[in-house]
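Two complexes, one shared chain (subunit A), two partners (subunit B, subunit C).
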Partner chain A sequence: MIPNAPEIGKLLFIICFWICAIFLPVWLVSWAVGVLLPMLLEQGSPSMAMTATAETLRALTPIISVMVFIPINAMFMVLYERRALALFTVRLGPNRVGPDGLLQTAADAVKLLFKEDITPRGADAFMFTLAPIIFFAPSIFGALPLLAAITNNHSLYQITNLPTGIFYILAAASLPVVALVMAGWSSNNKYSLVGGLRAAAQAISYEIPLVLSLVTVCLMAGSLDVVKIAQQQDGGILNWNIAGGGALRGLDKAIQTKLGVETTPLITPQQSSDPTETPVAAPTTFEEVIHQYYPFEFLSYISAGVLIFCSFILLGLYLTGACAEINRIPFDLPEAESELVSGYNTEYSGIKFAIFFLAEFTNLFIVSSIATVMFLGGGDNPIPQWLLNKMPLEPIQKSLGAILSPFINGLHLIDPDTFWAAFWVIFKVYTFVFIAILIRGTLPRFRIDQLMDFGWKRLVPLSLIAFLVVVFARVLVVCHG
Partner chain B sequence: MGSNLIGRAFESFKRIGEGLRTVLMHSFREPITKTYPDTVSQIAPHFRGRLALSVNPDTGEHLCISCRQCERVCPDKCIEITAHKSPETNKLELIDFKIDHGLCMFCGLCTEVCPTTCIINTNDFEMADYTRESLVYDLRRLTLTQEESAFYFEAKDMPKPKPKPPKPAPGAAPAAGAAPAGAKAAPVGAKAAPAEGAKPAAAAADAAKPAESAKPAAAPAEAAKPAAAPLEATKPAEDAKPAEAAAKPQDSSTEPAKTVGDTTAKPEEKPTASPEVKEAEKEKAPEQGADADKKEG
Partner chain C sequence: MVSDTTSRPLKTDEMIINMGPQHPATHGVLRMVLTLDGEIVTHAEAVIGHLHRAQEWQGQNRTWFQYQALIDRVDYLSGMFTSWALARSAEVLDGCEVPERAEFLRVIVSEMNRITSHLLWLGTYLIDLGAMFGFPFYPFREREKLLDLFEEIAGQRMMFNYIRIGGVQRDPKPDWFTRLRAFTKEFPDRVDEYEAIVTENPIFLKRTKGIGILPLELAMDYGVTGPSLRASGNNLDLRKTKPYSIYPKLEFKVHTLDKPEGGDTWDRYILRIRELRESTEIIKQCLDMIPEGPIMNKKQIAGMRVKAGEGFSAVESPRGTLGCYIISDGSDKPFRFRWRNPSFCNLAVVGEMLVGSPIADIMAIFGSVDVILPDVDR
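And then the complex of A and B:
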């Protein structure tokens, strides 16, 4: 029996409660703006003005849903982080405001909004005000292309999809550094200035491995379009980019054909997923498919293994670079509390500080969702298709469909594809957030010279090597791209 | 060099993984945080909390002999003792005992020098108050009840004090002795009077009564506890039966034992009916906390 079961249970309850509190409003608002209002407008006389308004509303849906999402999400993530860190450090965490501290961060947010907004003497007031805005804005407009990818290309969010999606996201993600330097410079405070300069140095160093790792993924996928990258990875964990960028797709397909050929499913999925055993069991079709995807036999198998290894390295590189990019522990040098009295945001208070805080946690969410889309298949179900077919899900699906059909067909409240995609995205993203919190609870802060050494002498060469290896290895295997 | 680098990289990954696992495993431990107002953790018996004056747990007589050792040794000079030499018994009698807990640094030196283990550090640490003046505790607030004294004598493993020897002169001594203690002794003496019947002490109490009622400010409850001290000093002397006074009140049906029982029962009853309820509860708090902890353990 786990002695800490009640605390873990409370954390799970908080997570469930807050995820409902985040996504129900987002869902309902986007439905109301994107579906209900245009439907009502177009119901009567289909005049030109009405149609135009309806189209405008539809176009505004993504940005409205993001604006609803960001503040509530930041509130949840702060609470999530505090409670999870409390678990790791054998404490209780916030547990006074609301049941089990459920409303702690909501209270904090209200407090911050009502605090006095102080501009220090000698500060450049204009820049001082502009910095949090520039810090926050990219996290909104940078997140937009991801919306199409994580909602399984829902028709309302299609307009946010760009052919160069990941390129745009990375461009937006590198903007906040400017704001940090601005904040540090305009505060008229030495600590803030050092924090801002550190942020600049760190972001420049760590952006290279970050971008190179994502570029390598794009290379495997053969596209910059996040929606396309997400859709390529459909069909279970073997198709995800984490499994070698489609290097195991042949295996997945082979198993699928084999199970399709065999009318009586005598072989259990566990046995058939073992590659060493299956060729003996199913001679012809399986091997043909394998040969089709791995044309160079042994060489192809090796390169598939190399690709898988590389993609794990890429994920590690990406997470490291992302941690540095959003200034999280162990890379929180710009806001090192013990050295720089919280660095660039020392002089900020009230709502400006709240915006810094909000953007920081939103960035964490966005970074995690990029990782989800690029490595973990976006909104894809981790269970492979051939295994899913064997599961007795049919009656459940039918009964669910019968219950929900008025919502799906009449009101268009639920889009089944988007619903499940969103579910898996939420699950995966908050798992990444959990990993970030775990790392925060474990690792101490880097020294500035260690940070630079690690960035330039380790991560940059490693990402270049991984890039080169992937370039050659993917020729030998039929990948996504 | 190259292989060394790769080896070191794997080594560091292993270390980081170990660290992450350790931290993750910590989340299955029970939190060490105590939600303080709800659960009070067990305090060691020798915890140096609020200072207090104990009474003899068996007889209820005040243990302070006004030797002023604690006053002398106190580095902060936060103890102030008012005593006078009784003209009859030629011994020091305690009039007031003040400790400024705002000055006190809880070094415990006073408890070490005390020859009768009268002044002790209690387990009470909840002394927050609204004014500095209310941190100055007088004799009434400092004196513990018999039960509390018994608890601390047991918890701190201190030897039980011997009962004071009987006073040699029964006659007029108690009456005159009560008079200087005056305002404090009077109300309890007055209450005790009916129970005692036609004892000499009744006369003494009556004699003191007018003087007391002339003082408007002195509330009856105020004098509850300290009054026990001078009274007990006088009571056993009346009948000159020290052995029974030392015995438990319930055991003996003799006269002095009864009076002792009366006087010690009163300090408990009185505060509940008086505006000083708060203090009474406060003083009970450490015991309750300790009980709760026992249950928890």
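And then the complex of A and C:
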């Protein structure tokens, strides 16, 4: 019997409530800007100007939906974190504002907005103001390629797709450090300065394992395009990069052949667009498929196992590096409260502090979504295709389709594929967020020299070794095409 | 020009940082003047006195009865011990006998208080180490139960005014003993829980092992007492070395760590964990042995008087030797007071322990000594 079942229930309720509260406005705004307004514009008088405006609106949809999404989502994550921490630490958490504390963060945000915005004497006012903006901006722009990946390359979000998406994301993710140094320097406070410099040192040393782990994943996938990486992993948990970067794809296919299941997808219709996959001369038996994907028999099986092991190591490396990158416990040295008061944001108050706060949680969300796209298959559902086809989902799907089809066909109100993709992305991202909160609720903080030791002497060699092992192991298995 | 700048050694300067009095981790209002070379402390000095309330002067200007209620505030985490030190000195002067049941109750409540004090230390120490949210609340869960018990017998949760000159204030109901017994039964499991999270945690070990080493010589030079001294290898514990009250009748161990090079912060942590278990054992024994009888031998009235003379007595508080020296002229007010507070001596040595450690270890070392600032400044 779980002693704190009511609290867990309440936490789940909060999650459900807020996910609805996040999705409705984001979906409404993106639908209005991306579908409704252009449609109305084009219906009236099909002039050049109108068409151009409609196209611009469509192109702006990703940015606008991200701008709507990020503040609401950060507000939810603060509440989620506080309630989850309360659950871990035998407390109640915020439960007074609104029904069961659901509006607590809204109240906090209003409070922060109305606080006096202080610039300390002797501070470099320009840099002091600029720092939170530079800290926050990359979290908006860095998220854009992910949008295409997690919405299955939906036509409205295609514009954010880049051929070298992961480079862009990583470049954007390393920008906030500049802002931290700026904030530390311009505050004219010794604690802030130490905090800012610590942030720089930490980011430099932990970005290497972080990037190396992602590079290894790109190597497994054979692409730098996040959309492609996400789409490759379609078709259940066995195809995800966490399962050896496609090392189990052969097994998945073989089981499919054995069960004689048609590979027509039910929920996620996007098939791998990889052209090399189609000319495979339709092997008919389990053994044939296995042989096709694991050509070297025993050696191939071994290397598939090695790949799976390596991808778990890579996920661990990525999460560790990401924790350090976004300054969360146990790597929260730049704002170590018991040493540096509050580090780089000691002198900040009011709206500037709110922006720092917002950006911290947004960064957490973004590193979790990178992990989701790179390791957990983006918007793919975890159930393998052959199992999904066995399930009696047909009537549900049909009745749902009957209800939704007027909307889908008429106003493009709901797109089931995008909806399910978004659902699974949110589910996976919040799993990572939960892990981060759990770590925060458990571990003490590293000391700065131990942090450097851990980064350079453990993580960097480990990521290099993983890289090398993957290079050799991947040759022996047919992965993603 | 270029060669000139490269040949010259890099100009470095020492930075002076004022840590506190408004710093989130200084456990109150302590100001540390730190001279830093990079991130390494080269000199540290504790500036005290922000909390000075002239406790001794206040005692000389209040009646015995009034001062009893005030004295819990000296060390707000272990009020039972300050009350007990005052009561014992006055009893030495007055020559009044304390009933045996009262002595047992005193031992029970003060060992309970030792547990609450160590539990609070445990939680806040993990905060000092940066575990801001998770673990610190687990010790508070158990502390809450003890505070409820305190509230029932003393009417207050922290400022008890329970141990009085000549005995104790109230006799607990039988139900109180049952609840306390239930607590002592479950508490060792809870301590196991803390240890499971903390003791072998690799980050915790990294942060505490080998830092803040306090050699025995240095500790004795500065007059350090309590767990900090015992972790460095001396077995000074007034409950054993200078037994008072009913401690000779009880069976318990004074934990020391045999560390020739001096105890580090982890030793001080593990020693307090062991003391938690030992105090539970003492409470269990007392609950078994406690006799029936009166609990107070002196009339608690506003004009209470204590016979003229000088008296000193000390008790073993959670932080070390807590002494109280009194001169009485036989009136309803004491003539002269002097407290010997363990935190004062323990804080004095922190400055020496900090030298050579990085800025991140300051709070790990300072926290491990367990200093209560009102106890330093009085």
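Going forward, the second predicted complex is superposed on the first by the 455 of 481 C-alpha atoms of A that agree within 3 Å, B and C clash if a C-alpha of one lies under 4 Å from a C-alpha of the other, contacts with A are read in each partner's own complex, and residues count from 1 in each chain.
Note that in this section a contact is a pair of C-beta atoms (placed from the backbone, for glycine too) under 8 Å apart; a residue touches a chain by one contact, two chains touch by 3 or more.
Everything quoted here is computed from the prediction, not taken from an experiment.
S.K.: Based on the shared subunit A superposition, would you classify subunit B and subunit C as clashing or fitting together?
M.R.: They clash: once the shared chain is superposed, the two partners overlap in space.
S.K.: Return first, second, both or neither, reflecting whether A:95 touches subunit B, subunit C, both chains, or no partner chain.
M.R.: first
S.K.: Kindly classify A:8 by the partners it touches after superposition: subunit B alone (first), subunit C alone (second), both, or neither?
M.R.: first
S.K.: Just checking: does A:389 make contact with subunit B only, subunit C only, both, or neither of them? Give me first, second, both or neither.
M.R.: neither
S.K.: With the two complexes superposed on chain A, say which partner A:336 touches: subunit B (first), subunit C (second), both, or neither.
M.R.: Touch partner of A:336: subunit C, not subunit B.
S.K.: Quick one: is A:174 in contact with subunit B, with subunit C, with both, or with neither? Answer first, second, both or neither.
M.R.: A:174: touches no partner chain.
S.K.: Just checking: does A:441 make contact with subunit B only, subunit C only, both, or neither of them? Give me first, second, both or neither.
M.R.: Both partners.
S.K.: May I ask you to decide whether A:53 touches subunit B, subunit C, both, or neither, giving the answer as first, second, both or neither?
M.R.: A:53: touches no partner chain.
S.K.: Under the stated touch criterion, which partner chain does A:381 make contact with: subunit B (first), subunit C (second), both, or neither?
M.R.: A:381 contacts neither subunit B nor subunit C.
S.K.: Touch check for A:87: first (subunit B), second (subunit C), both, or neither?
M.R.: first
S.K.: Comparing subunit C with subunit B, which touches more residues belonging to subunit A?
M.R.: Partner touching more subunit A residues in the overlay: C.
S.K.: After superposing the two complexes, find the one stretch in subunit B that runs into subunit C, choosing from 43-51, 79-87 or 205-213.
M.R.: Clashing stretch of subunit B against subunit C: 43-51.
S.K.: Share the list of subunit A residues that count as touching for subunit B in one structure and for subunit C in the other.
M.R.: 88-91, 441-443
S.K.: If we count contacts the way the header does, which residues on subunit A are in touch with subunit C in the complex?
M.R.: 85, 88-91, 190-191, 194, 329-330, 332-333, 336-339, 341-342, 440-450
S.K.: Given the complex with subunit A, which residues does subunit C contribute to the contact?
M.R.: Per the touch definition, subunit C meets subunit A at residues 15, 17, 23-25, 39, 126-138, 141, 197, 201, 203-204, 206-207, 358-363.
S.K.: Which part of subunit B faces subunit A closely enough to touch in the complex?
M.R.: 9, 16, 19-20, 22-24, 26-33, 35
S.K.: Which subunit A residues qualify as touching subunit B in the complex?
M.R.: 2-4, 7-8, 84, 86-92, 95, 438-439, 441-443, 458
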